[in-house]
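Shared between the two complexes below is chain A, which pairs with chain B and chain C, respectively.
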Partner chain A sequence: MPRAGKRKGRLLEFVVMAVTVALVAAFSIAVDGFATLGNLQVILSNSASLVILSCGMAVVIISRGLDLSLIAVMVAGATTFSIFINADIPVLTALALTVAAMAMVGLVNAWLIAYVEIPAMLATLASAMFVTGLFRFAILRGEFLLLLSKSNPAVIFLSGEVAPGISTPVALMVAALIITWFLLRGSAAGRTIYAMGDNFQAARLTGLPVRTTTIVVYVFAAMAALCAGLVTSAASGVVDFRTVTNGTLLFEVILVVVLGGIPLRGGRGGVWNIIIGVALIAVLRNGMTLLNFTSQTQDVLKGLVLMVAIVADNYLNPRDTETDAVGDL
Partner chain B sequence: MSVDFKFASLRKQPVPRFMLSPRRILADVLSSGWVESMIPFLAFICVVVGVAVTTQDYFVASNLRNLAQYSADGGLIVLAMLIVVAVGGIDLSVGSNFAMSAFVALFCFHILQLPVPVVLVASLGCGAVIGATNGLLAGLIGCGALLTTLATMITVRGIFTLSSQAQMVEISTSARIDDLWDWIGFEKILTMPIGFWVLLAVAILIFVMFRQSAFGWHVLAVGGNRKAARHGGIRVKVTVFLSYVLTGLIVGLSGFLFAARQNSISADTGIGMEFFVLTALVVGLGGFVPGRGAVVPVLIGFATIYIFNNAMINSGFRGDFVQLCMGAIIILILAIDVKFRKNRHRLLASTYLDPVKVTLAPTRGMAGLMPHEIAPKLALARILGAGQLDGPEDVILDRDGNLYCGNRDGRILKLSGPDHSDISVVAKIGGRPLGLAFDPEGRMVACVAGMGLLRVTLDGAVELLTDQTGRSLLSVQDDTSIRMADDLDIAPDGTIYFTDATKRYDIDNWGLDLLEGRPNGRLLSYDPRTRKTRTVCDNLVFPNGVCITHDGKYLLVASTWSCSILIFDLADLAAGPRIFLDGLPGYPDNINRSSDGGYWIALAGMRNAILDQAMKYPGLRQRMTKRVPPTNWLFGNLNIGGVLKIDGSGRIVDALWDAPDGPLYMITSMREHEGALYLGGVTNDKIGRLQLAYADRQWTSQQSYWGKG
Partner chain C sequence: MVTNLGNKIRSAAHGIMIGASVLLAAGTQASADTNIAGKKVVFVPIAMGISLTEGWARRMREHADMHGYTLDVRDAAFNTGSMAELLAKAISEKPDVLVVHNPTVQLLARQIKQAESEGIKVLQINLQSNQPSAAFVGANWERIGREIAEDIVKECGAGSGKSGKVSIVPGQLTAADSVIMNEAAFKVFEAHSEIEVVSNQASDWEPEKARQITATVLQQHPDLCAVFGHWDVHTMGAGNAVKDAGLADDVLVYATGGGDNVACDAVEDNVLDRVWSYDADGQGRDAGTMVDLLLQGAAGADGAMMSVESPMKIIKSGESYDPGLCWKM
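The block that comes next holds the complex of A and B.
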């Protein structure tokens, strides 16, 4: 069964890759300026934050969890950092404080899931509401936007280049992929994550530290979200809470994970799957933007793609709904 | 028979009317079925009181009417969400679906100029199509409900924004006026807006659906346990699909009402609605619970969140603060719910036992009769049915000298006379047969623990006489059903008096009732003519054996843990019991008549000084049951049994003890029959027969009760 599943799972990867290649070919022919080095750089930079977020989400989903508070944490992290640097606190101190604050959010999520035992979906849904409400109420005082000073060294660094031709977001993206790879394949926690995703009860009963690993997973997701938040807000010079309320970004992240071939029931997948998923979405997004599709049209199309992907995922990685626990949705 | 005692001169036994113990109330609340539905009610009361205190004139008619006006949208969607959650799914697309349906209504009304009923059908159709999409993916194909509905949420929202942007101006400049449209939007019936009545009607329909219709039952079954539902022959996938369609329909209706009232839509119509609805649902269900179609609690949960939201906005808090609060409320309620579900039984186990201080009268009237002072007469008993019986709690003989007893496996056994070696099964009852008696017609009446009072004819027909009595008003726990019917006797007028030894423990745990020491039992009566069961006297300490006095005017009741025998006047039962005899050396079980006008009292076990002392310290017993394994608990001495003989005035005249090495141990019952005493024990595997030297060899208990016959 696992073998067959693996082969089938591979099938989705090949299909997605083939679709990506076909899209690249189609856009190259149909759209002026698609197949240029400059556009490649744009695609890479624009998908940096999506990749980083997807790394966080992928790890959570592989452990058979779900983090709906990812975008809320991303925006909250960017807000915290911006408030600190706007108040002229030294960059490193500000970063350390922000990291601590967001790690706290991840920790609370994990605590609610692993120790209080609230289903992950509901816990993170509620914590997303809580975090968004808190930041907009207490920090932004009802505003949706927070402007960043473009002259701040941190902002300049984050939106600049580390080496000629390689922008900081791209470097961070690569770093995130490497760290995710290490976490999943090179660390003890990674083995536990796969075990939890494969069969949570079995993992728990074998004595694996499922609770502490859950903490690792959700704190990692929060860190990824924070990193993505910093990259996004530095690039645009603004922290925008509407990304949380309209839900599109969260949806894209899930889309990446599902398209990449990581089953929603967890236990399988890796960095390679993230790259495949992002490749398709990034190409699609870039091509549609170049074709002057409105963001609503893009949403509709991506929604349809996700529905197809969910059905494909369900066919390739069939789930036994009869053994679902409450909140396994 | 002469009366050897004066009833009026006996001491009265005080009987408490009710028991007030915080620990008991907590335990009773925890074990009740309704405790989980309390969350929405408590939350509702908190919110209403909070709002009433902080906001002036909030609950005035005009404001309530205003609230009702806008409640229909949210209320309908909460009910819609309840259906999918009940079937085990979730629908995040309700907000987008709501906006889309409202748009379709406005588009059909203003742009296409369709008649209002057609507009309604179009709105419902739009909702149903979106619901069917969800149902197709999540139900028929079996994808995850969360992601499926997330995808439809984004897609539908995109379509809504695209189409509403294109038509917004035209819709807002349309001048079409229609009476029916405005009637739906603004008319009031009985001072309440149409939307409110629609909400009420839909709520009633869904309520009836969950209670009465096959589909509603299927929904709950699928949500409760998919596998069981499939094995039960329910078409699971179709049921899930139809639930989503129904949800979509209701959302469409809600969108239509919104359109008729507002006559406009904006880009943020329905945004964040799924969060609001989910919060209301979590409050209403007290958690996220599939398989529960609790319409009323969910509506209360909705009202709570709705009023809370409204009052917060009114008093100047912004939507973001309300969102913060809702997130916190969801987390709080889910956390309580999950932890409560997980730990309820532990909490219950640790609070259930509720000991009280008990001071027993010192042993008296036993001079020269204690086990160490006289020879153990029961050692001479002949053993009947050794190894073939299991726990004959009570023994009884019919007119022909056949011996009957109850067995642990729920059967009534007959040991045919005269030598009682032939054992046959009279009836298979189930439960745990305890006390037995013969009625005037020669039928056997049995008290069966866990079942109640049953009548068994000697050819094996079993009939349940009663298994419940009236509920006592001042107790949290529903004590209607008879938990441990113990012993009975039949008065000359045919009324059956029987005891329910404890309302709080089962037959396997009667020992805990001793450690608790509270008056948990009751004396009941059953009148075969009217078939009515009455509670004669509630709150007795482990009432056990029952015996009508020889003259048929009084009723003796053994109160086991208080080591006393109570007496009731059958002519004036309401006056309550008096103490016939107290300070017994052991724990009295059954009482039966003897041939010389006195009574036999079975002692199930002996008191000991250390337990008598422990009974004065409830905290000690509480800690003991928690920290010490049950095998090491302080307890009465059940290893030695005995029978006391008292005369008609309650004076102890003889004591028959078992030898320290048996053979009878714990004795719970004895019957005199033609000069012999038959002895049963609830833990014994045999019946003892002791020839009595001084007894009347003609006397049988049948004759004593019902004459020569």
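The block that comes next holds the complex of A and C.
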């Protein structure tokens, strides 16, 4: 990638960071209780599942893919685990079985994309519908909600603290960021992921293992979704299938990734971009909640931020001959 | 001889009593022969798969089976777009009675008016539209909002030694129950200047959103006295935030709901403190009875809307807690 392009690509990150810093400053002055250690803990804790989901989505998008089944897998994973623990199956066995089931969804996604060669958007949309339908009607028998007992040891662990002041969701969030960083920067698969995102055909023609890497990408995304599902359901005490059907969380995850500076055409970005994207959304959401804005107003403002980000992304990362020829999502 | 005569009289008396019972029973059966067999009723709920609507459908089906009319349930699965379509299709089928569960006061108003103008009697259940129709069966939201607000004033107001700070978590700001309860509650609070509503943010009926809002509000107002959630399911998220913050003994969590065993479980788990239950099981029976009457031609005087108000059951934690107030599917 030319050096000038790299610099231009990073401009969006700086814009988003500047906006975040400005918001932090404004909220600190204007909102009582914003600039406190306790509020920082709440921001981190409330952002944990969003960060973990964004790790999965970022890796997929960097490889020039898209995973629309992320939220369906998140809720399906939480449902599977909850059913097992409610049936008094030992936690580790329940976790192993859930991991295997959700990895299978990731594998099917990857197989459809890499081997059957269906576009990622369509393959994952279909699998999202299949998983949601299967779980709602065959497993939950039409129920939308599955309640979790707060006295269950697994729930206590997932919503508790690993060390004084560090909640399990925050610890899992940090672990997800480290694993994502290692996958992208410290492994051979990571180099292939960037190559696939940069120019998929070139990566394939040079003999890189694009098919097996696609499997790694989508299974990783499914695992991230499962982890986010466990964190969310343990915290609220409910597995809620409306999270899938109302669709706002999926768009929030895409918003975070795009805002952070990872272009939808892939090939660029990393953990830092996820942190930047989540920071803006988390600060905005927290500040607006403290200011007692209605959820509709919050949605309008978040939508506005997304529009500005997309326009800025289009201006700062203009399409060139190469990206136009390869196509966009 | 005398004994024989006595026995004969006794036998004759028994015979008369049995005969009378048979005649009475036949008479009862005759009065139940309402000639409504073969009629068609369509029920369009916001979503099946939740105890509220499942409980209503169960009782209405019992009435349909008893009288030989059909009850079709069209599940909108929390999708307001598909709900309008399902209702349009139901109207085109010209049922005798349409049972509608309004997500907002405005959404289905035009279609309710259309159905009534085409001679279809519309029974609105629990959530009322701006558009009146043949009948309404459901909770008196004004009463619930007022009673909860009065209880909050008693617990958090003058002389209680508490801060008087209240957080309200409606479902949707335009849903009938949220609109009416908020109006009634604010009317009470306005007369008590010591009560301060520090947050009034809708959770879109989602427990996780309610949890995040409450965690943030608690950070800003650790001396919060009460949370008033408009539906027990999403309020469980708020209750879990209170519990996770270690404030379960200091913050009272109020909710309303259909009063199934999940509400009692939540009270036992200290996730909810006080639930104003409108007893969905009883509402289902009221709705079934109202459908029977509408099919028999019952109508309000001068075309006015007939109305059946659900009696309330108040489920409270503490010494007066009674699990018998909840019902089970």
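By our rule, the second predicted complex is superposed on the first by the 319 of 329 C-alpha atoms of A that agree within 3 Å, B and C clash if a C-alpha of one lies under 4 Å from a C-alpha of the other, contacts with A are read in each partner's own complex, and residues count from 1 in each chain.
Operating definition for what follows: a contact is a pair of C-beta atoms (placed from the backbone, for glycine too) under 8 Å apart; a residue touches a chain by one contact, two chains touch by 3 or more.
Keep in mind the model is a prediction, meaning the values are calculated, not measured.
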Practice task
Considering only touches as defined above, state whether A:E117 meets chain B (first), chain C (second), both or neither.
Solution key: first
Problem - Which of chain B and chain C A:G237 touches, first, second, both or neither - result: second
Practice task
For A:G303, select first, second, both or neither according to whether it touches chain B, chain C, the two together, or no partner.
Solution key: first
Problem - Contacts of A:A171 with chain B and chain C, given as first, second, both or neither - result: neither
Exercise for the section: Could you say whether A:T132 touches chain B, chain C, both of them, or neither, answering first, second, both or neither? Expected result: first
Practice task
Classify the contacts of A:L66 with the two partner chains as first (chain B alone), second (chain C alone), both, or neither.
Solution key: first
Exercise for the section: With the two complexes superposed on chain A, say which partner A:T294 touches: chain B (first), chain C (second), both, or neither. Expected result: both
Practice task
With the two complexes superposed on chain A, say which partner A:T245 touches: chain B (first), chain C (second), both, or neither.
Solution key: both
Problem - Comparing the two partners chain B and chain C, which touches a greater set of residues in chain A - result: B
Exercise for the section: Using the superposition on chain A described above, determine whether A:I254 touches chain B (first), chain C (second), both, or neither. Expected result: first
Problem - Set of chain A residues, in rising order, touched by both chain B and chain C - result: 136, 142, 245-246, 294, 296
Exercise for the section: Would you tell me which residues of chain A are touching chain B in their complex? Expected result: 66, 112, 116-119, 121-123, 125-134, 136-137, 142, 245-248, 251, 254, 258, 264, 294, 296-300, 302-304, 306-307, 310-311, 313-314, 318-319, 321-324, 326-327, 329
Handout entry: chain A-touching residues of chain C, taken from the complex the two chains share
Key = 47-50, 54, 75, 77-79, 173, 198-213, 215-217, 219-221, 233, 236-237, 239-240, 243-244, 262, 265, 269, 271
Problem - chain A contact footprint on chain B (complex, rising order) - result: 88-90, 137, 141-148, 150-159, 161-162, 165, 226-227, 230, 271-272, 275, 278, 282, 288-290, 318, 320-328, 330-331, 334-335, 338-339, 342
Practice task
Going by the contact rule at the top, pick out the chain A residues touching chain C in the complex.
Solution key: 31-34, 36, 38-39, 41-42, 45-46, 136, 140, 142-145, 147, 149-151, 159, 232, 235-238, 240, 242-243, 245-246, 285-286, 289-290, 292-296
